[in-house]
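Sharing a structure here in structure tokens format.
We call the chains A, B, C and D, going by the order they appear; numbering starts again at 1 in every chain.
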Amino acid sequence: MAKKLRVCVWHEFVHEKKNASVKEIYPDGMHVVIADGLREKLGDSAEVGTATLQEPEHGLTQERLDATDVLLWWGHCAHGEVSDEVVNRVQARVLQGMGLIVLHSGHFSKPFKRLLGTSCALKWREAGEKERLWVCNPGHPIAAGLGDYFELPQTEMYGEPFGIPSPDEQVFISWFEGGEVFRSGCTWIRGNGKIFYFRPGHETYPIYYDENVRKVLANAVQWAAPQGHWVGVMAAPNVPVDKAPEPIVAKGPSVHEEGEAGFR
Amino acid sequence: MAKKLRVCVWHEFVHEKKNASVKEIYPDGMHVVIADGLREKLGDSAEVGTATLQEPEHGLTQERLDATDVLLWWGHCAHGEVSDEVVNRVQARVLQGMGLIVLHSGHFSKPFKRLLGTSCALKWREAGEKERLWVCNPGHPIAAGLGDYFELPQTEMYGEPFGIPSPDEQVFISWFEGGEVFRSGCTWIRGNGKIFYFRPGHETYPIYYDENVRKVLANAVQWAAPQGHWVGVMAAPNVPVDKAPEPIVAKGPSVHEEGEAGFR
Amino acid sequence: MAKKLRVCVWHEFVHEKKNASVKEIYPDGMHVVIADGLREKLGDSAEVGTATLQEPEHGLTQERLDATDVLLWWGHCAHGEVSDEVVNRVQARVLQGMGLIVLHSGHFSKPFKRLLGTSCALKWREAGEKERLWVCNPGHPIAAGLGDYFELPQTEMYGEPFGIPSPDEQVFISWFEGGEVFRSGCTWIRGNGKIFYFRPGHETYPIYYDENVRKVLANAVQWAAPQGHWVGVMAAPNVPVDKAPEPIVAKGPSVHEEGEAGFR
Amino acid sequence: MAKKLRVCVWHEFVHEKKNASVKEIYPDGMHVVIADGLREKLGDSAEVGTATLQEPEHGLTQERLDATDVLLWWGHCAHGEVSDEVVNRVQARVLQGMGLIVLHSGHFSKPFKRLLGTSCALKWREAGEKERLWVCNPGHPIAAGLGDYFELPQTEMYGEPFGIPSPDEQVFISWFEGGEVFRSGCTWIRGNGKIFYFRPGHETYPIYYDENVRKVLANAVQWAAPQGHWVGVMAAPNVPVDKAPEPIVAKGPSVHEEGEAGFR
């Protein structure tokens, strides 16, 4: 029997409690609806759980992350409340091999900025306009089951320039009714972790009930499944002179005492 | 008359004061020797200054960074003493267009880790062994004036795996006497900034007096000169509905008040 | 005195002789108008010439290519008439360091397909619709002097998927009136050559008289100027055993006679 | 039951018939030994066959390629005898999604040069020297089951510069006894096809009997398995005006008659 994919949907879970229109669409929180969509599409092949900002350690203890294959991240107004310690952990786990799917306003989340290193900035407008997401590669696993494009009738606009390192692969580019374009689906590999950014998801529209969005997220989870792990990815080991692959004799001065750890 | 390139050599300047063998090689600090090498090679085309950890704001005030085209960075035992505020500034300036050249143990410096987002870890050994740096692209501007390879008679070893995002260009790969290999010269673009990592430079050997190392650094400074600037690279502007390129009418709910800034 | 940039605008020059609307817009051929635009913008800093399919060796002898820093390429209905020998030469010169700017329907030209290795295919429609080109990086030298976007009132549509290797940098993405998007400005480095693909240019509209298009082409020529050259880029030299950097003794059998060239 | 991976090992199969030392090591041809190694490691999960230059259409008919998930390619002295028609087919299948693993001297094979577009040149020496392959990413699926490095006691040397587009991922870098280094394991994605170049394999040494080499090839076959397919990857469809996603009216002249195919 194939091992189940262990998926965790993380959500800051703030706007649902404050904003009436968000609460109406997502009475139990967006994470619940996203997780339901994944369960619907992935069935027995995955075990889907959730975690939120308000839980101890934001629900992302080392144990939880070690038992997570793919993490989805939704944040917006509470990016600054995520502790750096949890961000460190998430970064290390991605570099080891955990997949990371960053949703919508998560472009400004700490883990995304940490892993990409750029501004992650963009233009934006809330006008409930139409978005058409074009598939840049119909053979890409994240686009499986879609047509040439799909549309969202009402959405927030994100526009270029998008402050990211050049993506490894461009999966979607969006056309907006108001005249902008945006790189809506981008992939990167960092360490052994696969990262996918997916633009749709504004909390004032029922985006995560959309059939095509659910397909994309389920596809992305399968795509981001770890292909390999490297537990020691953050280590910087010293190689003692007598363990060099070729025989050598130490002959120069040193800044380290014997056996001392490297500086960080 | 062409504009002079404004270069700043940053150095933590710690080991020269503590370690006798480092002090002997670099009595006034490595930054002084690196800057001298650049002046020797670049002559009138550049204005080369220095800055150190001990100066107010580490010598990297906003004014100084705004007046810097290319920054070189050497740090080792004091990475943790660099303030996050200065790191934020350096990152923003690189994304705007400033070139950044990271030297040797700077692989673990805060600005390098911030901009690349990965572990930046590696293997290491201090045995004073020979290093041979192979040129992976003899036509690359950073390798101008070199032969097929050059050698350093005594150096610290750095070995793979090197925890970096795949480089845009591989300029050098090192062969070590003790049997290891390392990606010793790597380039990346982040925002508009060109980044070059150059491995040699261990403080217990007179690396920065070496003719080939001086050539590489001078070449790299010229290569990293800003080709363009984008002052507003960190901004995430709202586009008001009535400024959309195509006429649209706002039709949905919103999480922002009119004119409110986006969340970060 | 700085060396002048040597620019060559290559054009198949066929439609102007056959199609009345093309002839009306470009009576002397598009290459003449493109070259005029470059002269207007680059002034004394460049020497701009042209070459066409009908000249001996298509005007691209080895001598001509060796004396060219940046080549612009426009082809459409006569891609198949370009000789493979000339394509080999263009490829080798780009790998050595010559810049290459491929225009519009040149996405299916032999040199572009040769250098990129992918399908280079796309969707298309001739309806004279509006195109808006968004700048994905306002600090990129190719976008210097442009605003957030510029528009072409009438153009052919090219739509995604565009069958290219992931670009090193995304400079422009187009929004089309009819609802499509396209990666309209893309850069790649191959060997030492900088390659820029720029989408606008359909021959039934006066695209190459457009002020913004002229700016982009002049910027791109400057961006694509060779930073380095590697004359021997196509060579695969044998290293005789007694020239190895480390002393070794040959000890195994061989498939080559001593001094024999490698197989190709 | 999971679908079996359909693997084809292609070999020019020439040196085994001409060179006594090659014949002794590989009496039935290298393809047979490579295929045996894959069967040993992949067991029931794969169906491994072979094809050779001498078969009709080199054994790579359209039907055969359509029924192949991963193709391995070994060629050396007969690159020029491979027909362009077969190369076209291989290229199209890779872009659709077929994996391609190029071995050793296949760096100069037509399919590899076609898909990468660069010189693919390198330095070389036949001296039977030792090679040590370092793993640049211990978590990469292609390196699964290996230690920090593995060695080949006798091998041909390949040295930098290697004329390739910057790899998506660097899996191996080699250290040679004679003093050179080489990017020995590189990956690229082109279209939907995963490409892996693996350096070892010189025909005068029993490389394909080596346990670690066999592990790498089996890992690489699994890594290169198609994740998606795009049958129409080479098509460049016209979008009729009345099928545009947004309603538009054709308003300009055209170079194509209605319904005419695009130029190639």
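Note that in this section a residue touches a chain if its C-beta (ideal position, glycine included) is under 8 Å from a C-beta of that chain, and two chains touch if they have at least 3 such contacts.
Here the structure is a predicted model, which is why all the values come from computation and not from measurement.
With steps allowed only between chains in touch, the distance from chain A over to chain D comes to 1. With respect to chain B, maximal separation of chain centres occurs for D (centres as means of Cα atoms).
With rounding to the nearest 5, the Cα superposition of chain C on chain D corresponds to a rotation angle of 180 degrees. Where the sister copies chain A and chain B meet, the same residue numbers recur on both sides for over half of the interface positions. One inter-chain figure worth recording: chain A and chain B are separated by 28 Å, centre to centre, where each centre is the mean of the chain's CA atoms.
A straight line joining the Cα centres of chain A and chain C is 36 Å long. As a whole-number value, the distance joining the C-alpha centres of chain B and chain C reads 31 Å. Residues of chain C in contact with at least two other chains: 132, 137-138, 159, 166, 168-169, 175, 179-180, 189, 191, 233, 245. Put simply, chain A touches chain C in their complex at residues 132, 134-138, 159-162, 166-170, 173-176, 179-181, 183.
Of all the residues in chain D, the ones that touch chain C in their complex are 15, 19, 21-22, 76-80, 91-92, 95, 105, 108, 114-119, 121-129, 154, 157, 159, 163, 165-166, 177-180, 188-191, 202-205, 233-241, 244-246, 248-256, 262-264.
Contact residues of chain B toward chain C in the complex are 96-97, 132, 137-141, 143-144, 149, 168-169, 175, 189, 191-192, 223, 227-230, 232-233, 245.
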